[in-house]
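First the structure, then my questions, so here it is.
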Amino acid sequence: MSSPLQEEKVFKDPVHKYIYVQDQTIWDLINTKEFQRLRRIRQLGTCFLTFHGGEHSRFSHSLGVYEVTRKIISQFERNGYEDWPKGERLLCLCAALLHDVGHGPFSHSIEKTFGTHHEEWSCRIVLGDTEINRVLSQVSPTFPQQVAGVIAKTYHKEIVVSLVSSQLDADRMDYLLRDAYFTGVNYGTFDLERILRVMRPFQGHIVVKDSGMHAVEDYLMSRYQMYWQVYFHPVTRSAEIILHKIFQRAKQLFEEGYGFQFMLPPLLSLFHQKLTVQEYHLLDEAFMQTVLSQWSMESDSVLADLCARFLNRRLFKYVMLEKLDVQLIEKLREVMQQADWDPAFYLEIDFPSDLSYDVYRPGNHDEKLPILLMDQKGSLTEISRRSEIVRSISGIHMGKYHLYFPEELLQHPLGSLSTELCKLIGLEHG
Amino acid sequence: MSSPLQEEKVFKDPVHKYIYVQDQTIWDLINTKEFQRLRRIRQLGTCFLTFHGGEHSRFSHSLGVYEVTRKIISQFERNGYEDWPKGERLLCLCAALLHDVGHGPFSHSIEKTFGTHHEEWSCRIVLGDTEINRVLSQVSPTFPQQVAGVIAKTYHKEIVVSLVSSQLDADRMDYLLRDAYFTGVNYGTFDLERILRVMRPFQGHIVVKDSGMHAVEDYLMSRYQMYWQVYFHPVTRSAEIILHKIFQRAKQLFEEGYGFQFMLPPLLSLFHQKLTVQEYHLLDEAFMQTVLSQWSMESDSVLADLCARFLNRRLFKYVMLEKLDVQLIEKLREVMQQADWDPAFYLEIDFPSDLSYDVYRPGNHDEKLPILLMDQKGSLTEISRRSEIVRSISGIHMGKYHLYFPEELLQHPLGSLSTELCKLIGLEHG
Amino acid sequence: MSSPLQEEKVFKDPVHKYIYVQDQTIWDLINTKEFQRLRRIRQLGTCFLTFHGGEHSRFSHSLGVYEVTRKIISQFERNGYEDWPKGERLLCLCAALLHDVGHGPFSHSIEKTFGTHHEEWSCRIVLGDTEINRVLSQVSPTFPQQVAGVIAKTYHKEIVVSLVSSQLDADRMDYLLRDAYFTGVNYGTFDLERILRVMRPFQGHIVVKDSGMHAVEDYLMSRYQMYWQVYFHPVTRSAEIILHKIFQRAKQLFEEGYGFQFMLPPLLSLFHQKLTVQEYHLLDEAFMQTVLSQWSMESDSVLADLCARFLNRRLFKYVMLEKLDVQLIEKLREVMQQADWDPAFYLEIDFPSDLSYDVYRPGNHDEKLPILLMDQKGSLTEISRRSEIVRSISGIHMGKYHLYFPEELLQHPLGSLSTELCKLIGLEHG
Amino acid sequence: MSSPLQEEKVFKDPVHKYIYVQDQTIWDLINTKEFQRLRRIRQLGTCFLTFHGGEHSRFSHSLGVYEVTRKIISQFERNGYEDWPKGERLLCLCAALLHDVGHGPFSHSIEKTFGTHHEEWSCRIVLGDTEINRVLSQVSPTFPQQVAGVIAKTYHKEIVVSLVSSQLDADRMDYLLRDAYFTGVNYGTFDLERILRVMRPFQGHIVVKDSGMHAVEDYLMSRYQMYWQVYFHPVTRSAEIILHKIFQRAKQLFEEGYGFQFMLPPLLSLFHQKLTVQEYHLLDEAFMQTVLSQWSMESDSVLADLCARFLNRRLFKYVMLEKLDVQLIEKLREVMQQADWDPAFYLEIDFPSDLSYDVYRPGNHDEKLPILLMDQKGSLTEISRRSEIVRSISGIHMGKYHLYFPEELLQHPLGSLSTELCKLIGLEHG
């Protein structure tokens, strides 16, 4: 069982002013070493290379998701809404706090190369031999399993899952506000307090009073703007691409039996794809940056060069491509090879699209529930049926193909190569 | 020579909205690997363990100091003040940008143990075989020397030095606002725009129009509040103390010939106190955290335990001591030894005081120039002679002795030890 | 001729931090009695009855429009854009400052009843025997005529007119930010600094660099949200409607020869529709509120009742009508008459739509120029052709018919009347 | 009895984000015509002539005081503090809401001339034949008397009085934040949420946990800054002085039997000092401004001139006097009389000091209770005994004598007069 703290604890937080902890279980979870590790994982991956303020950690975001969830539930309880299953409070709070605990350093790139998945790791940490598991087990023997269920979206009560994970969930509400605050952009601000006030538990769903439609529109516009201005900024993508190339190269070298000067056990296990929970714990962003720093001195020139590029922010240049065809790609590869750059590691064509960052989808895609408006008579409508703005946002596919490559190519000693490259990608050469 | 950029570059910044770069030299400096390394050093050291938002880097602060300096100079130029030496603009901007470039990870603790000094390192980087040196040398062969002179406060024009380093300098103005913004506390806010508007170059000094006295008072009150509420927060000190103990222990072990399982060249050079500029470059906060992480698995139990405490935020408990005498300390040591804790690594008596963080000093202490008010007739008065508030702030010595020790001591199996400890430090035992 | 001020003057402003005055002419204009009168006219008319913070005056808005214009021009001059006609600076600033100087109290209602028009009055004040005219004439004898031309949008240089009056003008940029700030809603915030940075003078137009498209989208979304959440809030409309009914009733009484207990010369002239500039000056919001206050004691019960309703905020109730037909209206009138309420003064069907508040229009409607994006090659595209969001906003017609009537009707002693009314408008009766 | 509202009502508020109304009685009070009248009285009197944003009304401040009080009580109730007398909640809320309901237009000047007092009027309105009285009487027949008691500070429970009226009361906490927000100055911001969290009911007092001392220091520094930068700004004083002169002149004329062209019943009663509650209701700021506007056309040139000065913001010039003696004043009067300006209406020597705006006083002055810190053992200390900052603030007497007079005097046709004046007051003549 969990008991209330004798005296409420608070954390000063720039986004929510204060974060209030009222339960011993929450307090104990925050103090586990697995949760403290989130201080060593940046929330926005490589985005700090575009927006220098975006250096905040998943630790602060996780506290924020917890706080938004706590506020929603506290509103439900204060108003005594009957459709709110009171017994689920602690479960929601724990799942909100822990849903990102499995994130590793630069998740996108590492997951893409090594096939790990952060949500799976969150569950492994909740269920494994960890301090977190011990704290949760004190609530009840089956409690860790329930928390993992909510994180994995398999828990049987949709209303619990949707608080933490839906198109209008505590996770997104916190990260939009937080990422906007730390990067300093204006786009992520919306009226959180008003949205919380129009949310209602209703027949197993979380719905929104229709008088709050404009506030939700505003929240979705924030998503739209953050999506294009921050999360998919081409400079951030450029850094992601370099990271991905680094891991691909390292994996290739490893498989070829290359003798790394710098290698540590968790890295070995990552290459062998058999990380334990204990090793995963060591694999934080400080570790990964140290690896990159050490590898920038490896004898393999591709690996060393890519690592130095990342650390010293000499990122790939990018151009937008109006069209994309096999011939063009083939030609580009040829030019690169002639210029002695391996296209496998120095050329990338990227199309920004990522389900975890879509603006809004009316259906149940990726298990993210849509937003339902409730009118005064209690009937529900999916929001894009009522709002032209939402309809237009959810239909937008603004992604463009971008080509990424080292800027040096444009000043290649073999001038003719640079000229040809410029012609291919529509740049004026000068 | 430096030339203006064809098109102004901007950085989005949460504190100043935008940071404007107008000179090729500044742009090139920002893109050096030595400056980019500042992204891997937190501005506030261990403070993020108290205020989770305080995770911002010295990179963003350095840009901020540059921007405040740029604004001041641009105001001077716009108003055509005759006492402003126009030719010094670029020198001021470069010194502002680079003054912190020599900061290492957790500077306070490492400097205390190994006798390094960040200002000295800033000069070594400016003058050594570095990308920064090459960029500066393009302005003129003696330019690196001038920049180093401003950083070392030996440059012959006081007005240039005092922009970057005085009691009302661009450095402090940025860090107060920035640290307040990222930690989320209210205390650091003051009216920067107004202060900039009342600053004047005057006979080789920077002075303040006396109509701006209240704005300066407000700025100094911010300093006072940030000093006690953030910079000297006992939790932050507790983490500092543990770090310091870690490095002391490691140094001791190293001197005793202990065989570290994890050791890398820059670390060795640090122990031997003969770091090169190239090695110093590798010694960032990611590196240091990886060291702590690896050392938490060393066989030396004191070293391993201290590292784990730091990483997992199991910091020392603290109590305020009303009085301090040799006898008390002696007794405390005895109790610790009986409890099998080595007092050299598990006990600290701390008195918060740090010249770099003093609120305000009327005189020329530590080469930080005092704040001068100028009346309409052009006569100057040191501010504390005019303002009772400033007088009272500059005289305040609020520091108290704090005792830091592991909380476990209070639940020692030998209950009588815990009881005695509690009695000594005035805690009720329960 | 105008000369620069010896020392820049500043106004503290909550929206722009400071407003900078650098020209003697601007300073003198602000100090005229006609400009000072704007302190006695609220910017948002009756909106303070919905959002109690919205009590700011047209004085502060006018200063804000001036400041935004000043910032735009100063950016143009700093960058030395050739397409900017430098000689027009002072004209733009004066027109920006004075464009609203002809606004009267509760403009919408009074203009509707008496056929006055604030833009026309602005011109009359600029050209008439006023302090403003005298200040402007000192610049040059034809200068007042030029200022009036810009305000009336007849000035021959489109670029000058469009700074003050287009779909992305200084007027709108200030009022969105200001109205959002004072009412406290989140919706009006957008990144002004960024928009200013992407504006360019180009071949006689003001255009926007296409890299700034998202920032403009964000600005238009702010318009959209402010439009529906603030400017057309039904409570604000309800107050407007009552005001309009008051003036209609008073006009009717006046025409019928009713003997007003309270009547003053400017009011008489208003009724006779032959106000002089001197009388118009007296007709501020304080005057109008005093009139309402005195009329609330008139013997005509309709006039007295309507005035008391406005002053004491006993506004009309409103319901949204799904459909609207002649029959329904006829029936409603009948019910009201049976209930002894004159439908001419106690019933209104309102459709929110107002050209001055439309979100965005791609064409040149109402002489408001559309927003043009400029790509790197200098070709122009109207923004809605590039942005789906803008396209969807500009097509939205969300207005609904609302019925306004006194709430007492629902508790009419003749219960059957209330019941019938409820049935007609689709309310449940209880 | 009062009952909770079925559904919480909210007001959007720029300072507190939202204001929550939960009781029918509070809702009904807000809707009375006496409370709505506060919309027509500016919170900061003449301050809008210095800070143009300071146009907010006592209506919004009164809601704010209510909201701060509600938050404090709700914290007390949530934590179940035993020393909080639960039954007093509604009484506190009503008194907080209504404490300023007796404020008239430009209270300071009118109270000074006619001897009225706003607190007394608040009580008369609460106890008289008013809508407010009827709403309060529904709670219980003695409830109006209790509310008046709290406002008059005679209620028998100190804890209730001190919430609304002490050195750290809801009134001051709201107005500092609100006045800072609307004027746009930075000085009034402090951490309200933290202060609320460290307030405790204790043995009949409201005390502050000593860990919150710095937050209270910050609040008092805000008071100090707002006091000198906003409330006693010499431009604001200049406008006050003119207003005061206007009423003095009008009173003198009235007593001399002058035939006013513009006169209305409430004004007559004001002159006769026998205003009824009903007449007082009509006497709002709109009324007073209309009076000034009409009087600017009176035949008495002094009255007409002073009124025009106020309306058109041609305020008196001011200079600070280093010393003040009878001789100087006598000489000044002489010069004025020679210049044909009546010194009784065109000369004022002002010393800023006003008990209602003092920064902090350790004792029980003016019935404002001091701030008590409570340590962990429950013993109380008055804050200035612990805080050097507070000690220094409470001892500061920074007021200076200022001389106010028409600027025209400095350009008097009889040049010798201007010269002599300049000499007397230490101005250079040019």
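Here are a few things to note about the model shown:
To keep things simple, chains are lettered A, B, C and D as they appear, and every chain counts its residues starting from 1.
Simple rule for what comes next: contacts are C-beta pairs under 8 Å (C-beta built on N, C-alpha and C of every residue); 3 or more make two chains touch, one makes a residue touch a chain.
Treat the numbers as computed from the prediction; the structure is a model and nothing was measured.
Among the remaining chains, those touching chain B and also chain D are A, C.
The most distant chain from chain C is B, comparing centres defined as mean Cα coordinates.
Inter-chain centre distance (chain A to chain B, centres taken as mean C-alpha positions): 32 Å. Mean C-alpha position of chain A lies 51 Å from that of chain D. Residue positions 17, 185 of chain C are each in touch with at least two other chains.
If you sketch which chains touch which, every chain touches every other chain without exception. Put simply, chain B touches chain C in their complex at residues 8, 10, 17-18, 79, 193-194, 197. Of all residues in chain C, those touching chain D in their complex are 11-15, 17, 31-33, 36-37, 39-40, 48-49, 51-53, 55-57, 59-60, 63, 181-185, 264, 282, 284-287, 289-290, 293-294, 308, 311-314.
Partner chain A is touched in their complex by these residues of chain C: 185-187, 189-191, 214, 217-218, 221, 224-225, 228-229, 388-389, 391-393, 395-396, 398.
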